[in-house]
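Take a look at the structures below.
What follows is chain A paired twice: with chain B in the first complex and chain C in the second.
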Partner chain A sequence: MAEPAYTVASDSENTEEEKSSSTFPEIAIGIDIGTSQCSVAVWNGSQVELLKNTRNQKMMRSYVTFKDEVPSGGVSNQLSHEHELLSGAAIFNMKRLIGRVDTDPVVHASRSLPFLVQTMDIGVRPFIAALVNNVWRSTTPEEALAIFLVELRAMAGIQLKRPVRNVVLTIPVSFGRFQLTRIERACAMAGLHVLRLMPEPTAVALLYAQQQQQTAHDNMGSGSEKIGLIFNMGAGYCDVAVTATAGGVSQIRALAGTTIGGEDLLQNMMHHLLPNAETLFSTHGISEIKAIGLLRVATQDAIHKLSFQASVQIDVDLGNGSKINKVLDRQEFEEVNKKVFEKCESLIIQCLHDAKIEVEDVNDVIAVGGCSYIPKVKDLVLNVCKRQELYKGMNPLEAAVSGAALEGAVASGISDPFGNLDLLTIQVTPLAIGIRADGGKFVPIIARNTTMPARKEMTFTTVHDNQTEALIIVYEGEGQQNAEENHLLGYFKIVGIPSAPKGVPEISVCLDIDASNVLRVYASAKHRGPHQKAMPSMEVRMPTVDDGHGWCAEALHRAYGSTSDLVTVQKKI
Partner chain B sequence: MSMSLLSICQFPEPKSSHVHGQCFTPSKLILRWGQRCSMIRCCKREVGKRTKTEKNYYELLGVYVDSESQQIKEAYRKLQKKYHPDVAGQKGHEYTLMLNEAYKVLMREDLRRKYDVSIGQVRRNFSKNRSGLGYSSWNGPLRSQALFVDENACIGCRDCVHHASNTFTMDEALGCARVKVQYGDDEQKIEVSIDSCPVNCIYWVESEELPVLEFLIKPQPNEGYGVFGGGWERPKNVFVAAKSFNKQQEQQATNENQHTNASHEEETPAQAEARANASKKIEMERFSRLWNWAREAIRMN
Partner chain C sequence: MRCHGLTISGSDSRFLVPQYSTPISTPRPPNPNLSPLFFSVRIPKPVYSARIRVGPVKAKAASAVDDGLVAEAAAAELSFYELLGIPESGSLVQIKQAYKQLARKYHPDVSPPDRVEEYTRRFIRVQEAYETLSDPRRRAMYDRDMAKGLHLAFSARRRYQNDEGMEEKSEWKTRWQSQLSELKRRSMNKDVRGNMSWGARMRRRRDDLSNEL
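== the complex of A and B ==
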């Protein structure tokens, strides 16, 4: 069990700590919460060091068990057997569930996990529960993540002999702002302050930038620009980034990400091995959960083995009369997961296209994440990038957390006498942000892959004569046609627009994203005449909507119709 | 549609360039934004009337108007390392926004061209801007005449540096002399140094022409072919080049002002031939001069 975070240290220790914290700024630790595994790293003054738990592990399984009175997580807990994880008492894959609504296909797919995931399909948070003494006890993904983070924090505190507060967390590229607030909330529940949320491949890019800078130093060269393509595929998400790095500055050119990962490979295989798996998953009886668990362990094991051998024998007794005896080879595995691999390919192509970089101009191709061990994944990355081999200087499992630790040190204002922290990441926005205008369309104001910090302003006008109010509904996403395809971030009303024929008033909407990725929306109606009293402009920090954000837009539409709509101002020639 | 709005919100940032380096709290930021609203409006309508005291994107990034994208990139990264909020904290926010905007515009050829038109005077005033792009600084009041060394002809004899060391300097890398400070020594010393030049490559030129000449004589990187790499190139006859450069600038300015897409005046075949012959002749002359000098040098040894 973890040490309580509020352990009172002796007086002498306390004063010492205060002294040290006054002379040195606190170094933020880097945390990589993976869908299946988690790790913590910190800049120790000369290099990045991965912290180990009491069982000397660098990689800790991301799960929380609710077996005893007090829930415990995978940081300190010793699993007696892998199957304990699958008895229904453990919640895992938090990262795939957090901040998602129950209409999300990813949540639907998670119903096959060996704990309770109930979906009502009405666009609210899914109901999840762990089996404790034959009772389904409800929890939330945020809560489970927070319990896990508390343990991580305690572990890091013991290792570093100081309280840990500031963290840099890595996140998937495809996370929307709503999901980010949920991650932040989980951190806050665990008493952690999020300094930066870094998309995973950009953390890898920062590590790459540092390595390139060191090589340039060693060769006494000036360090010319290097283009790196980073492919990161873990258990839950697949991300691609293209970075241009020179002199320790990693300039992200483009990001692309989606919700596919090892979990999808696993589920596809489970369905392949047991064609009637769906019926098994839908009932959540004790024996069914045990069967799911057994199938899951056997399949996972087979996939791992296929990374190193051409075929594998699967022998599993699911206990309810169904047995699986099968020889599975790589070809079959690749055929079953063809769509997943095709999606990976298209993601790389899209990212290169967005970065406006030809594949020949890429200097290094870096593949990280657990899935980068799968031969097919390696092959497809090499194929798309037209390479013979991948970049070698990184541990695929430790790259992201090392990058996060570097960013933690840089953002905490630490400098290194040898210039090893003379680094900077210039991030881009992974998703477009805009408002609803032009009759229900999504009008992006800040486009995808815009350099951060970013500020963009656009002018809109009214659609009705003497329209004095306008609704500003802010969305995030890529759906161009219909605003509703995107994620609603918030909404507010502009009042006091001067009475005028339609198309005359000017309403300016300005979006500002700072380096810590905080989005602020400013809006105001412009007044031309000096006699009109100016209305104060609005500043809204987004996202403002919480649960049930799927309905908000609908409700707004019902209540207001098109009375408060806006259109973009056409270019005046 | 979003593109059509670009003209409205494209260049508001330099307006607020005076704020960098200050510390602001978030509340101040909000205040400032309110002010900016009205500023953006006047900004976009008076883009052409931009006052000279403002920093344009080139000044912001500290690059020349004609810089290659590689130089812009380097300058941008250097500045980012200083002002990015990760390094400088929240107070770097505004400045980084300006850097990002400037970088985005200057890195894209189409946006850059548009921006060049909007700031207009930078290139049009090129030749009048005495301190801007040339190398040499001025000692004392500006005069109508200035000294210029044709580095193509210079043989690196160091006589001028010897006679007027405050005026001339030696570029050791290129092996030729150039003017460091205009009128850095008294007139007599300067006259002596001009007379002492064995190849008569020190000229009195109109000071208006000086920046262009000094700019053009600077070797420019040449695109490379094969294993021999790029190397450096400078115009064969800098005076002719300056004349055509000025002409081109004027033409470009008028073209862009009228928003017409008229292409540059085409050379007639006769003109082209004449030009080719002239440059060949100059080349030959230079070569023989060099050859003679080398022979003499060998004989002396």
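== the complex of A and C ==
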């Protein structure tokens, strides 16, 4: 599958880069690209420091405007007014859109954003465009993210007085491997080299591990194991992690994540305030975009205020004859978003269950991310965890980026005389990986929450007599029964299976995730008897599927039906 | 094929010095370029000579030789307790502590850049030992199997099924690994030499010379 060619931005810095790299090791910076805000931090030799832009901001809005010939992002650009972001010229929520196909409900929900998100509903990349001089100019989430990252890179370079190349990026737990390749591509387009992609709550867990290690040092204690539960909810995603930490080692026991966040709260509220919002805005005319923008700003503002006061007055004139005048209180807000909060609760419960940890054994409950300021969110976390109070000592907006900066320093081989960088994260797989077998079912080979690196093997057999070929279709997902509900990573064919009655041949499939989180799939048909010539086995690096994975699965099914299916071999005891 | 006892400074685990010849005929000549390191954690009692023949020794050892990693074959014959360096009566706290200590040593994130693969394999083995022993139910089953002499209980069960697959897979692996082995040997020696005792260095040099002849 042909990759479009991209030119790496700012090649001009290369000579300078080579000069400096010989004198001192480059410390990788940590970047937290949020759905709504973004921040950058670096280990400054003694501690983690957040970098500020020219307007002295540590938190920068994640968006790109295509107003003029040269697009500009939220790092350098000064918005004259919030409404400018909502004029159609700005692309935001890149992190919600990246690597998703147009059948994804998240993409569908994004159609009410004040820029163009067009879907064909056939399982391909959605069409995204910004309004420039009354023309919808197409772009992609990767491109928008890359433009933004170029600005971040330049800003960090100025602050650190050196070119920046290596980064540790935080990502949502629910990101699949295909989405990770999109993030990596955006980074490559921006001239950044990704050392690690770290699930957000594991970055927070690393910061927690460091803090616990320091406390243990100060108390001259033995540093016994501590269990931390991390709940992280931002604008786009909600993640939970359970970590067991001792002596600077953060052992991730389980991860759970989903695509819910502040954006859902906002969209639910907008829909609540204006029930026919979607039909009203479907044409995306200039006046409709303006109306969405006005409603969005007013609703966002009201939600923010509800974190600090019991009720809020909303007065907004949408300009097309419809006006909203309403008093909104917390109870109504919580009722409208009941499902979102229930999902948050179930994520925590699921994560504790997967970690095999009783809630009583949790030492600290840590809530971070923008949504952790919402009283209902705080309450639900405390309730599920049966606590009176949350862990203090972390800035909810800075925890993830600080952890990423720590990982950046560790991964760059930097050591600290005080032992503050004697840290290690033992990661787990956030999603299960397996193949389609047993009649269209998803059979996980590497289960969710398996410690990485990992290598697991399973044996399958044929479903037809004298079946000589088998299709290995690899999926990744939360372990839904039906293979099609998971994300397709790739597929290939095993040929030369010895002719035999069904159920006799043995086909072994081995999945290997190496130290760099690269997934390889090995498969081979076993041969008995010395005179039989062995067929070469297969090694396939995944994901191999580029865009349009919805398409591929369907086409495969049409072309092959069940002729090349496999079933699991019952385990011998 | 011989193995050498090495002591790596900064690590308190000892490397064994068994000079045994492989008791199995291997389908291919072992790769002489790799002098495998012998890794082991303190062994409470000399049990494994009795256990070494349990299980599919042939296929396992053969693939290990293909990998040039006789050391790992031996490590695979260690019990999970031996792997973690704890007594069989060890408590859960001890298991957790031992696991975290070994993770700090063998997690690929902390490995020397040129030995990531080797560390990855070691870490996966430590992980398996930890996962089995930290789960009371699985630990009980493992203890029972061990008492019966079915030493490799968990990993072995999978191995019984997949030996041939593993062997086949190791074939393609040998192909590219033999290409890499010379490169690897150099960097590995370079890396290890700094940490080796004088005697070990001499033995290694002698071996290198005889290999090159």
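Rule of thumb we're sticking to: the second predicted complex is superposed on the first by the 547 of 573 C-alpha atoms of A that agree within 3 Å, B and C clash if a C-alpha of one lies under 4 Å from a C-alpha of the other, contacts with A are read in each partner's own complex, and residues count from 1 in each chain.
The working rule: a contact is a pair of C-beta atoms (placed from the backbone, for glycine too) under 8 Å apart; a residue touches a chain by one contact, two chains touch by 3 or more.
Not measured: the values here are computed from a predicted model.
Q: Once chain A from each complex is brought into register, does chain C clash with chain B or fit beside it?
A: Partners clash after overlay.
Q: Is A:342 touching the first partner chain B, the second partner chain C, both, or neither of them?
A: So A:342 meets neither chain B nor chain C here.
Q: So in the superposed three-chain picture, is A:522 touching just chain B, just chain C, both, or none of them (first/second/both/neither)?
A: both
Q: Would you check which partner chain A:443 touches, where first means chain B only, second means chain C only, and both and neither mean what they say?
A: first
Q: If you stack the two complexes on chain A, which partner ends up touching A:568: first (chain B), second (chain C), both, or neither?
A: So A:568 only meets chain B here.
Q: Applying the touch criterion given at the start, work out whether A:425 contacts chain B, chain C, both or neither, answering first, second, both or neither.
A: Both: A:425 reaches chain B and chain C.
Q: If you lay the two complexes on top of each other, which residues of chain A touch chain B in one and chain C in the other?
A: Common interface on chain A, chain B vs chain C: 225, 246-249, 251, 410-411, 424-426, 451, 453-455, 457, 459, 508, 510, 514-515, 522, 524, 526, 536-537, 539, 569, 571.
Q: Would you mind writing out the residues of chain A in touch with chain C in their complex?
A: 224-225, 244, 246-249, 251, 410-411, 424-426, 451, 453-455, 457, 459, 506, 508, 510, 514-515, 522, 524, 526-527, 534, 536-537, 539, 569, 571-573
Q: Mind listing the chain B positions that touch chain A in their complex?
A: By the definition above, chain B touches chain A via 1-2, 4-9, 12, 30, 33-34, 37, 40-41, 73-74, 77-78, 80-81, 84-87, 89-90, 92-93, 96-97, 100, 103-104.
Q: Residue numbers of chain A touching chain B in their complex, please.
A: Those in contact with chain B are residues 225, 246-249, 251, 407, 410-411, 413, 422, 424-426, 438, 443-445, 447, 451, 453-459, 508, 510, 512, 514-516, 522, 524, 526, 536-537, 539, 568-571.
Q: For the complex, which residues does chain C have touching chain A?
A: Touch residues, chain C against chain A: 93, 96-97, 99-101, 103-104, 107-111, 116-117, 119-120, 123-124, 127, 131, 157-158, 160-162, 164-166, 168-169, 171-172.
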